[in-house]
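We just call them A, B, C and D in the order they show up, numbering each chain from 1.
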Amino acid sequence: MQSDRVDLNADAGEGLGQDPALFRIVTSASIACGFHAGDPGTMRTAVALAREHGVAIGAHPSFPDLSGFGRREMVLTPGEVEECVTYQVGALADIAAGQGVRLQHVKPHGALYNMASRDPELADAIARAVAAFDPALVLFGLSGSRLLEAGTRAGLRTASEVFADRAYRRDGTLVPRTEAGAVVHDAAVVVPRAVAMVREQAVTADDGTRVALRVDTICVHGDTPAAADLAARLRQALGESGIQVASLSSS
Amino acid sequence: MQSDRVDLNADAGEGLGQDPALFRIVTSASIACGFHAGDPGTMRTAVALAREHGVAIGAHPSFPDLSGFGRREMVLTPGEVEECVTYQVGALADIAAGQGVRLQHVKPHGALYNMASRDPELADAIARAVAAFDPALVLFGLSGSRLLEAGTRAGLRTASEVFADRAYRRDGTLVPRTEAGAVVHDAAVVVPRAVAMVREQAVTADDGTRVALRVDTICVHGDTPAAADLAARLRQALGESGIQVASLSSS
Amino acid sequence: MQSDRVDLNADAGEGLGQDPALFRIVTSASIACGFHAGDPGTMRTAVALAREHGVAIGAHPSFPDLSGFGRREMVLTPGEVEECVTYQVGALADIAAGQGVRLQHVKPHGALYNMASRDPELADAIARAVAAFDPALVLFGLSGSRLLEAGTRAGLRTASEVFADRAYRRDGTLVPRTEAGAVVHDAAVVVPRAVAMVREQAVTADDGTRVALRVDTICVHGDTPAAADLAARLRQALGESGIQVASLSSS
Amino acid sequence: MQSDRVDLNADAGEGLGQDPALFRIVTSASIACGFHAGDPGTMRTAVALAREHGVAIGAHPSFPDLSGFGRREMVLTPGEVEECVTYQVGALADIAAGQGVRLQHVKPHGALYNMASRDPELADAIARAVAAFDPALVLFGLSGSRLLEAGTRAGLRTASEVFADRAYRRDGTLVPRTEAGAVVHDAAVVVPRAVAMVREQAVTADDGTRVALRVDTICVHGDTPAAADLAARLRQALGESGIQVASLSSS
């Protein structure tokens, strides 16, 4: 159950200014579709940048929550969630097609991602929207989450995502950001931890327990220059450890 | 240069409450895509209603202007206009595909429609976005306008639209709403005028001049119960005059 | 514990088209402030209409949820709720001041109203924002709710609101709209029921229990011509029963 | 016609991340009010930061154009512009009052600022909104522009603004950003040029002409770390030249 290959993904098109630096490092990018950030122009720019650097792209659909950056939990019916995802994926796919690029994946954003990790109905609504659009799309979700189960039920290929700079609980969920120790800031800790997660397909939880965890893709942050620098060091360390860094869709 | 066939079209999905009445009458509907009105839910509802009543659908893209209902002129680059149209058409096409429905046409909304009627660069940007998405789409525009010329340049089929309740200038443009006599409210005038416009492919301008005018589709309004009633009387009169009322895409 | 006076209030400035009819009937209006509906122009129009008809006005702040009309529950911190209310009240107060009109009250909208009815922290955040702006403002809330308790804690005058066309539980809460029988549509039932609620300051719950209920203001709906007609009949019946219909701020 | 005092102002609350650095340097800040950027939370944060550093604040109202960051020209009636400004100033004033802070000024943003520089009707609409809210507010506008004339007509105190890093035409207008040489990037040029502009109340236009120019406040940019650094150097150079850097409202 070891692995010598992983995808590095980042969120993109959110107006945070680090896209050009990030697209030199990551292998997949999830592009904001206008509901938490972004607009047709930023989407076109992100697609062009991805094409230039050979980065695979996906849609990053959100709750309709521009003022809260999609981080606020909202109560929508499963039907409404399905429509929101359908709308955003279709919009980005059309923008991308105009540049001859096809979508690789869909990764829900923020509160939608978190709620779909634990709520099977919401997860099914997202998976239905993705599968109806294109059954060849890969559904990204938190490793071990309900969202990935829903993807499998809908006949989709899924990608199990981990966060190298976040603490984990023994049940495989993330320690909430509101708790102390939730985020690991020290690159000297994060980088070897990420390499070990890929190698061993496991992580050590905050109580010391060893938790098995499938790792198909690692999320890297790029909201500050320091974050982009960390991503570059991580990519280098993975390569030096003999782990191939490649998108899900590359052969 | 006479015709015995015409399409009746209406704007839809704008939250004005007359969609159910209108969809019994018209043969084509242009659905708001979230930039001047509408959201994924209203788009899905409008598509379902169109499918139920056998009404052909199109996208009704707008400037990003929710607070102004898309009626405010805005200065965007041709590239930005192209991206906005691409985004909205893609979003609606995906929502429609989820119900097994394909788009028939694209009709720009409000200020975008008016500006593209006279500005060749803006018109080309719209036509490019439509042709890139699907060259089989029909581009709706004001009869005689720059927008239709751009559609032809882009290799698209076009539909020349007229407004039975609006006064025309001798150059084929509409008398602006801000001027007296711009809108004809009396159904006893509007209905026979519309029939004559189709039959004769011409209209009498406000100075009495006879103006040749291609008429492929008539726009009917549905923002009040009275408007929907007028549309019904118009459809009946066209039928009694031996004019076939059918969408552009019906054989 | 009887009363011979009541306020009739309606929501306004939501673009539903019934404002002119409603403002002839009601004594207080709660004006949408741009977060669930409305914009500076609709706010100005509603204030002008209120002034013309001598209707007292209030702010109708909402979660930031234009696409969901403020009806979707959202998770905001109490601090964020306080800021949102502060922003919306300030914006409307300034628009109103431009016409020489002062606000009488604040009434939260939709999901914010419902969540604040049962959540003391959210209720306190709203009451704090209102009291900080102007301690003379009246806080409207569901009769018997946490929101009114918070208003009292913040030193505000409160107005207990009832809904004449909604079924009640024995604990004084409303039967949710998703349940059968939640809304009473028959004017022949609604009108005498409203009169009795004011007279007796009580309502019969859905299980037949008699529930004491303070009634300072009755909410009437105006989203359809039929609703505005019902409001007119209600106002007439109240008058014929010797109950004075007047705003909270009138002497 | 020399001066030994000037205000340094920056735009704030636009989510660009440089606010904490900028607020240590500038004496006035114009806070985004939700129409081109910002929301109640960012407004509250910016007000708190200004209070902490003793920076005077103003409203930075914009066209309703979140997706275009307020940089797109839009056609609104003067009445609509007045309502938009009234709404945004009222919202910020209320947020600020909650922290015991009063507004010093109003400075229109982006396309609204530019259009009001040359359009007297638009300029009057803005000045009317500001004067109606509080006649003690200072109106910021491009030095020599129609906006400042409108402010004077409305009885307002005005502040003439210059841009140290922008090229000027001989008529005192800015060279548009789309032209070569419009922006001066070299700090070694910008800093002494700004000092000279204040000292001499004049600037050398792009054709070498000397243009008299009233200078009450200099706009500094803070959208990158380099920009904030330039602002700091500018402030130091002004001080070393014996020019007092102080807000308009300080005595």
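Here is the rule we use: contacts are C-beta pairs under 8 Å (C-beta built on N, C-alpha and C of every residue); 3 or more make two chains touch, one makes a residue touch a chain.
This one's a predicted model, so the numbers in the text were calculated from it and none came from an experiment.
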item	value
Shared interface numbering between chain C and chain A [over half = same, under half = different]	same
Which of A-D and B-D has more C-beta pairs touching across its chains	B-D
Centre-of-Cα separation between chain D and chain A, whole angstrom	40
Mean-CA-position distance for chain D and chain B (Å)	43
Shared-contact residues (touching 2 or more other chains) in chain C	34, 39, 64, 66-67
Contacting residues of chain B [partner chain C, same complex]	15, 34, 39, 66-67
Sites on chain A touched by chain B in the complex	34, 39-41, 43-44, 64, 79-80, 83-84, 86-95, 97-98, 129, 132-133
Interfacial residue positions of chain C with respect to chain A in the complex	64-68, 72-76, 111
